Amino acid sequence: MDASGWQLFLDSFWPIVWGGVSGTIPLALSSFALGLVIALGVALARLSKNRVLSGAARFYISVIRGTPLLVQLFVIFYGMPAIGIVLDPWPSAIIAFSLNVGGYAAEIIRAAILSVPKGQWEAGYTIGMGQATTLRRIILPQAARVSVPPLSNTFISLVKDTSLASLILVTELFRVSQQIAAFSQEFMLVYLEAALIYWLFCLVLSSGQGMLERRLDRYVAV
Amino acid sequence: SSSAPESGDAAAGDDYGLAKAGTLTVATEGTYRPFSYHDEGSGDLVGYDVEIAEAVAEELGLEIEFQETQWDAIFAGLEAGRADVIANQVSINPEREEKYLFSSPYTVSPSVVVVAEGDTSISSFDDLAGKTTAQSLTSNFYQLAVDAGANVEAVEGWAQAVALLEQGRVDATVNDELTYLDYVKENPDAGLEVVAETDPTQSALAFAKDRTALVKAVDEALETLRADGTLAEIGEKYFGADVSE
Amino acid sequence: MSPSDRDQGRADAAGRASDPLAPATTPDDAVLLTARGIRKSFGDNEVLRSIDLEVRRGEVVVLIGPSGSGKTTVLRSLNGLETPDRGTLSFAGGPDLDFSTRVSKQGRVAMRDRSAMVFQQHNLFPHMTVLENVIEGPVRVQRVPRARAVAEAEALLERVGLAEKRDEYPFSLSGGQQQRVGIVRALALKPDLLLFDEPTSALDPELVGEVLKVIKELADEGWTMVVVTHELGFARQVADEVLFMDGGVVVERGAPKDIFTKPAEERTRRFLDRILRPFD
Amino acid sequence: MDASGWQLFLDSFWPIVWGGVSGTIPLALSSFALGLVIALGVALARLSKNRVLSGAARFYISVIRGTPLLVQLFVIFYGMPAIGIVLDPWPSAIIAFSLNVGGYAAEIIRAAILSVPKGQWEAGYTIGMGQATTLRRIILPQAARVSVPPLSNTFISLVKDTSLASLILVTELFRVSQQIAAFSQEFMLVYLEAALIYWLFCLVLSSGQGMLERRLDRYVAV
Amino acid sequence: MSPSDRDQGRADAAGRASDPLAPATTPDDAVLLTARGIRKSFGDNEVLRSIDLEVRRGEVVVLIGPSGSGKTTVLRSLNGLETPDRGTLSFAGGPDLDFSTRVSKQGRVAMRDRSAMVFQQHNLFPHMTVLENVIEGPVRVQRVPRARAVAEAEALLERVGLAEKRDEYPFSLSGGQQQRVGIVRALALKPDLLLFDEPTSALDPELVGEVLKVIKELADEGWTMVVVTHELGFARQVADEVLFMDGGVVVERGAPKDIFTKPAEERTRRFLDRILRPFD
């Protein structure tokens, strides 16, 4: 890397990081939180004995996973105005990403719930709990442990996918890099820098995952 | 390595350092109507810039091959030596002149401020101050809008900018007059109007810094094409006017 | 079901906070539970074919029989974990359920509240400490004040020799200790009926004794229980009545000394032989 | 949808499908096949007791998962010529996507191998097999069953991610839609159509997954 | 190790294709295996503290002892699944391993080839049929022609009453059947030494008999074996020598009738009591 390249790298570093801190991270965190709520609902619907409910959940999951996220963003931001719903970029982005996470995480949560031994449900019932209480007090805490690694993967994918939010006018890490690249015409260098910064974010997130796992593992033998 | 001439060939382009011997490799978006796009969407690659490039290649006695990709990748491809030239309405500005060589311009057209019909609050570039415009990041127009003091929302292209304008989510968009004209020709009821225009901007073919010989040859070819009326003819075909000067 | 009868039972229970290990009622000859003509199929597989059962207060009924004979399904039906296709189940003090008609959810819940199950695989809640496992039912379901639930739980744990394990997680206990916690968790609910499904068959042989000892003490103190077990020596000592099941029916029933020494049925004899003299 | 919209939809349908059949599907299939081979190697390296090997595998996985696929493509196609390696678009795309799949699938395969009970290794050893034979004959066939659902997810993501290949001059489903959208300026309609076609592809793939699972499940009780 | 001795053993084995269930050698008093001072720690946990063991051809040695005493670790060391930290292991005909020095991979492989293990959880290969499970070792490892391996496997399956199950997958067998296939899989390797690790403790009680019966027949036919079991009645009938282990040492060893009726050590007595009379 020559001197001017190095200078560009240094000059761009904090702006790109700031794009991550002010755009990528809040967008990813809020969409993920909301997405988990949706996912839990969808997973429960999918597990329900009610055919309509579980069919609807299957359909939802299939559409979310079978279509490109970009189109999902476009539909919410550019398509909804056709039916009179005009949302700002941030709400649009959060809705689109939450719905997307909802579809992917639903299958993870469903698998995690199914992975809790049936005996745990029965132990809940035999001490007099109903289904809802057993789910909340007995099953979900155990499912949480199982689902942390795959959910972390979903989250890490989400962090990178939020770069698509720039398509609907949200400024985040990748958009900042594109701006810098467009003005400096140094696409390769700036994108590599962006990749490095994504990677740093992911390393931090992974270590967070490690801590969470250790916390949830306190009650199992290692 | 990439310039190894093929022995049987008339050695056309020997000194140009072409990516592929005997062939002019042209990078273009392929999704930028009316300059570089596919006929009927999925047909042949056509457009003003495409035909100019084809004419230049023919003049130089070279085969032509297009590489279609997004704007970000176009310049990367040029720098990686994968393409010899960009034909995609690259406007000449000082930052780019520092990094690339340019041919003589083959498009001269003003940039225009487009607003929704009936919006009287904007009538000049200066009125953009404090307003919101939608621009694609990679264009010169982005800079124009920023310079005018507008809040710029970056979009992927003209279609999205128009959608935002029509949905009332931005106040204006700045673009090439030619793009605007092409759009209203297809969509007469779009409800858009031009309220201001700049001095004309020049667009040219862009080359890597070390391709002086190629640029020189291309300039000569453009001169010939200009002189024999080919440029004007292509302009007539796409815009009903010669836009090369 | 008459709520006042039911409250009667609970009132008895409430009166013994000082000795939580004591059963809800003193042994007498009153019938606590009557099951008649219980049938249950899973798909085409007819697992229970008309089971009749009567359990008196303070009595210990032991179910034996080969694998797949339906023992677990009987217990689960009594605890409301499984809904029979036909037959009637009635507890003294209610509920009174007839499975030929659709049984209401309340009915099933009411039935479940009368009994508590101890599982073969203990099924302790791995994410809760021993104490939390034990008080979960009383506090969350029965709305017992936490302080009282803790006090009772501690007394129960003390009684089975696990007082000092109250803050451990289940994984750090031995199999026998886990199973004893499972029993305490059931006892803490103060059920009228305790159900044990092979409580020692997942244990190392030298841990079996400590668990059977606790169950035997409970029996001696007058708890009413239905026990599925393969520990025939234990059954002989503790059971008031032994039922031998095979293929979804009760093949033979009677006092343990009769069943074990002079079984009337060939099937019973063969089963006992296989277990008592496996390698002759 | 008005008549001209409908016409556009019909006119575009086969071109987009063709983009999928000639671009997306072969790209996804070949990258996935190659990616699995890489993933198996990386998973074994990650599981190895050799610290250097397992450290290298961890690093590889971390980089692949922590950086945007777009940048990975960029580096291979536009970056490698700087060190004298010039590859055509298709080979570049296949290499980039295989390496990417290799990183994601490695973790899946590792987990699947770990999910096979330890006793299966020991049963292999006790009948005299070495580690490699046990892995091949005993462990991998069982791991395959466990890894089909998560690998299918990876594959479905890959199918959609191949849209990035247009950056490096490969024409596939999404590129065709972009071309049509640019011409017709009807990006919403065309992108929705592309999404529908992606979804159809995914439905077909999912049913393939179902068949594969049933085949692999023949030896377990259901 | 002397290869010629070794081939000698194999030749014996090859000569009995007509009766694959017969052991490799006839019972005699020659020592097959000698272990001296075997030690093994897992981290800080010293699991085996100098174990000595001698197994003669045709002899049945039974290991008993509480959970965690190291019984499984002894078997696994004999089968080369675990590498001891110290001590020596030698088989008649080789190999001769001293674990105080680094043992070569070939040495461990050679040792493993002399014995075969039957596991508590059977560990059948779920993705292979019964027959495939049995011939996998002979065909893939010992390079026996497939046709011959199949013929021998069928004879063995016939012998344990599972001929008609040859094309079933393990999941569709009962626990006892699975365990018998596990035994056949070990026999098909024609090892000099059979190792059984609690082969019946994961079984339903009424399935225990069918497995013990097969093992007893093998013993009667002169197979050399080391068996870990809690079935004391079985041990008494079958064992030539019983070793009681506790805390990683052999506390007491001797003939079964001595150990079971008049144990010399208090620890042995207490252990036997807990198992034989769990609820007194």
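By letter and in written order, the chains are A, B, C, D and E; residue numbering begins at 1 in each of them.
FYI, contacts are C-beta pairs under 8 Å (C-beta built on N, C-alpha and C of every residue); 3 or more make two chains touch, one makes a residue touch a chain.
Remember, predicted model here, so these are calculated numbers, not experimental data.
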item: Chain-contact steps, minimal, separating subunit C from subunit B; value: 2
item: Chain labels contacting subunit B and also subunit D; value: A
item: Farthest chain (mean CA position) relative to subunit A; value: E
item: Computed distance of Cα centres, subunit D from subunit C, in Å; value: 52
item: Centre distance in Å when subunit D and subunit E are each reduced to the mean of their C-alpha atoms; value: 46
item: Subunit C and subunit E, separation of their C-alpha mean positions in angstrom; value: 39
item: Cα-centroid distance, subunit A relative to subunit B, in whole angstrom; value: 38
item: Residues within subunit D bordering two or more other chains; value: 74, 78-79, 187-188
item: Per-residue overlap in subunit B, given as positions that touch at least 2 other chains; value: 72-73, 76, 79, 160, 163
item: Set of all touching chain pairs, with the criterion as stated earlier; value: A-B, A-C, A-D, B-D, C-E, D-E
item: Subunit A to subunit C touching residues, read off their complex; value: 117, 119-120, 122-123, 125-130, 133, 137-138, 141-142, 145, 218-221
item: In the complex, subunit A residues that touch subunit D; value: 62-63, 65-72, 74-75, 78-79, 82, 107, 153, 156, 160, 163, 174, 187-188, 191-192, 194-196, 198-199, 201-203, 206
item: Complex interface listing, subunit B residues touching subunit D; value: 2, 30-33, 37-42, 67-70, 72-73, 76-77, 79-82, 157-160, 162-163, 183, 186-187
item: Of all residues in subunit D, those that touch subunit B in their complex; value: 8, 11-12, 15-16, 74, 77-79, 81-82, 86, 166-169, 171, 175-176, 178-188, 190
item: Touching residues (chain side subunit E, partner subunit D) in the complex; value: 79-81, 109, 112-113, 116-117, 119, 121, 123-128, 136-137, 140-142, 169-172, 185-186, 189
